[in-house]
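Here come two complexes built around subunit A, the first alongside subunit B, the second alongside subunit C.
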Partner chain A sequence: MKSVVVWVLSIVFFVTQADAQKVFGTRNGKISFSAPDDEDVKAVNNEVTSRISDNGQMTFSLLMKSFLFKMAEMQEHFNDQYAETSKYPRADFKGNIQNLSSVNFAKDGAYKISVKGDLTMHGITKNVTVNGTVNIRGGKPLAAAQFSIVLKDFGINASSVTDKVTVDVSCQYQ
Partner chain B sequence: MQHAFKSVLAIVCLVLSSHIAFSQEVDLFKMQDSANAAQSATRKEPVINTFYSTRLVNSHTVEITGKGSMDFRINHRFAPVNTGLYNMFGLDAASMRMGFDFGIANNLMVGIGRSTFFKELDGFVKYRVVHQQEGAAPVSVALLASLAYRTLDMDPTLKVTGSDRTFFTGQVLIGSKLNSHTSLQISPTYTHYNRVLFYSGGSQDLFSIGFLGRQRISKRISLTAEYFLQTNRFNGTYDPLSVGVDINTGGHVFQLHFTNSTGMNEHTFIHETTGSWGNGDIRWGFNISRIFHIGRKKKGDWAKS
Partner chain C sequence: MKKWIKVLLIVLVIGLVGAAGVVYYVYNRPHRDVSTEQGVKLTAQGIYDAFHTNEAEANKLYLDKAIELTGEVADIATNQDGKVVVNFKTNDPMVVINCTFKENPGNLKPGQTITFKGICTGYIPDANVVINEGVLVK
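Showing the complex of A and B:
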């Protein structure tokens, strides 16, 4: 009984929503980071949940524990000492495309975007602006960006390893 | 009847929800918040870093060297501090064990080592059977089997055979990270001597129980303590007690401690500790652990952009 209601609700919701607003999402977006001076320090997270809407909203959410390092010990140090992932399990971004008018979600092509929003990590929220691209192919967007994070801004002291990391984002939406 | 009710309900829902959908756009920010909340409620992870390292001072912990990693360990114990200033309080002499540990699967490690104490070689296998996980397992349990072989030249009249030089230790390691600062472990231990040389009393089969604790005092520094209670022992030996500090610097773990043991493999530190804390017969010592990655990169789990 309950399931019928849920089904009907969700089907209707999505059908009607398609007319009003386009939302694209993924559960296996990719975000990786690396230390600029130490090539051993890099990790990738292939389980990023992200959504983009043609109203300009973009969201990213990931579990910090899902960052995979080459070395198990390095991963443990990242989780235990630097990112403190049992205390702060998630990183999260909510932003808006600033130049929404220059993106046409209905038309294939590459669009440069600037996204401004709140990045929350290690329990600290910062307002950031990130430049990237949205590449629409076959009606499906691919978002990509590269930017730097100063770890101290987020209360992470990893100075014995690196002070900042370069973050790479690549999300293919459905 | 019930079927009819369902249909009516479905239509009602349809009408209602289409109204909602048309009148109000989806807010991705709210969507993300509710999805995150739902995920947080279900997500469970195994507990990491119950201890900083696979050893606390001399004893094994429930930790396992990461798969594909090699841990090069140097353990060093100076001479007893009660030998006075002439010996620089023990710094003039040292006993050491050098070893290589390998993480060969997620919960399995092996290691080999060579100690100066009685010129012993040792090797062990450690397997973690249970990994502590919130809501699933309150403790981690690991099994350890270790063999030591004494290569020291001995009086030929003793007619010491290869089997006489071999010692076996089996341990059940039961550890729990109680909170982010405190971890405890209990280790029931069995040791077998094929032949008892140089000691009297005790028995060929020795039982003991180890108590290990660590208290984290900052992100990188922990205080540690380790004690083994022997149920039967050789004459002139004491229960080993060690207290120390672990300093974790990233790739290295430095462990500094005071201990009354000289040996650093299982049977020597548990059953052949001749120093007594009461007499100040204790040694300053340190362990250094340096981890190297030796496993091959796997495709997929470590993609390049």
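Showing the complex of A and C:
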């Protein structure tokens, strides 16, 4: 009987624990990219779905066709020739904050984070580590990071334009 | 002037003008304007059902297409660049149709039924179908 009580209590405890986990989300986060050597090559996506949990898990999902370029011609080449966005419409990242103990989601402030996880794009998945910040204001986090992607790592050949792009993440969560 | 020099000069000038024209076109070609296109008429629930049932098939039907979407407004927000975003309700509380306006549509309210026309960029499971570069139809 005693063991049953312990068992029930531990389940109740576990469930309450799981409930206590706090998840922040957005459907309209912002991720842009640019070519380091050509200022005309720049695109912005304002429809990034992302979640960040105080257990350290971070997910990002975006639609490749949601990247808007200044030049319509460039947008067409990106979609049709380079990223083949009809064949590979979505890119996903799922990872974890490596230094979770240095982030206090309950206290406003800027925290440096290192996030490690799997990035899937153009049908190819790579394990990446990205350094960035979580800035908590009024209890709501803003995640920001800047990192480089080598396009051929993801099977994208855009060498006539650029070999790598700089990715800029700025997601304000609710 | 010798005749062949004249011909050469004319050819050169035509070539240069042509090249300048191509460059001008590449830099200034207008973006797609969905307001002049005939949209595929769907309800918010209808487009969600299509993607939820068979994403690959729905991608073939709707990706990159002008979609004229009618549904009930769940909420209205502005994105991080100040554009107006309307989320349309579906019968799944987790999922909305996320629609971004090209220009401010004016005063809209949650609960209102509206028709929006924009370009469908795809589906993010358990979150939303995304339509952007849109305009208010009614």
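The rule is short, and it goes like this: the second predicted complex is superposed on the first by the 155 of 174 C-alpha atoms of A that agree within 3 Å, B and C clash if a C-alpha of one lies under 4 Å from a C-alpha of the other, contacts with A are read in each partner's own complex, and residues count from 1 in each chain.
Going forward, a residue touches a chain if its C-beta (ideal position, glycine included) is under 8 Å from a C-beta of that chain, and two chains touch if they have at least 3 such contacts.
Small disclaimer: the values here were computed from a predicted structure and weren't measured.
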| item | value |
| --- | --- |
| Subunit A as common anchor, with subunit B and subunit C clashing or fitting | clash |
| Touching partner for A:A72 - first (subunit B), second (subunit C), both, neither | both |
| Partner chain(s) touched by A:E47 [first = subunit B, second = subunit C, both, neither] | second |
| Which of subunit B and subunit C A:N28 touches, first, second, both or neither | second |
| In the superposition, subunit B vs subunit C on subunit A residues touched | B |
| Partner chain(s) touched by A:K112 [first = subunit B, second = subunit C, both, neither] | neither |
| Partner chain in contact with A:Q172 - subunit B first, subunit C second, else both or neither | second |
| Subunit B versus subunit C as contact partner of A:S160, first or second or both or neither | first |
| Which of subunit B and subunit C A:D80 touches, first, second, both or neither | first |
| Which superposed partner A:K152 touches (first subunit B, second subunit C, both, neither) | neither |
| Partner chain(s) touched by A:M58 [first = subunit B, second = subunit C, both, neither] | first |
| From 21-29, 75-83, 201-209 or 291-299, the subunit B stretch with C-alpha clashes against subunit C | 291-299 |
| Intersection of subunit A interface sets (partners subunit B, subunit C) | 30, 44, 46, 49, 61, 63, 65, 68, 71-73, 75, 79, 86, 89-90, 170 |
| Subunit B residues touching subunit A - in the complex, by the definition given at the top | 6, 9-10, 13-14, 17-18, 20-22, 25-29, 31-32, 35-36, 39-40, 43, 45, 48-49, 65-69, 103, 180, 219-220, 248-251, 291, 293, 297, 301-303, 305 |
| Residue ranges of subunit C touching subunit A (in the complex, touch as defined) | 25-27, 29-32, 59, 63-64, 77, 79-81, 83, 85, 87, 96, 98, 100, 119, 121-124, 127-128, 130, 132-133 |
| Subunit C partner contacts - residues on subunit A that touch it in the complex | 27-30, 44, 46-47, 49, 61-66, 68, 71-73, 75, 79, 86, 89-90, 170, 172 |
| List of subunit A residues in touch with subunit B within their complex | 1, 4-5, 8-9, 12-13, 16-17, 19-21, 23, 30, 32, 40, 44, 46, 49, 51-53, 55, 57-59, 61, 63, 65, 68, 70-77, 79-81, 86-87, 89-90, 92, 94, 160-161, 168, 170 |
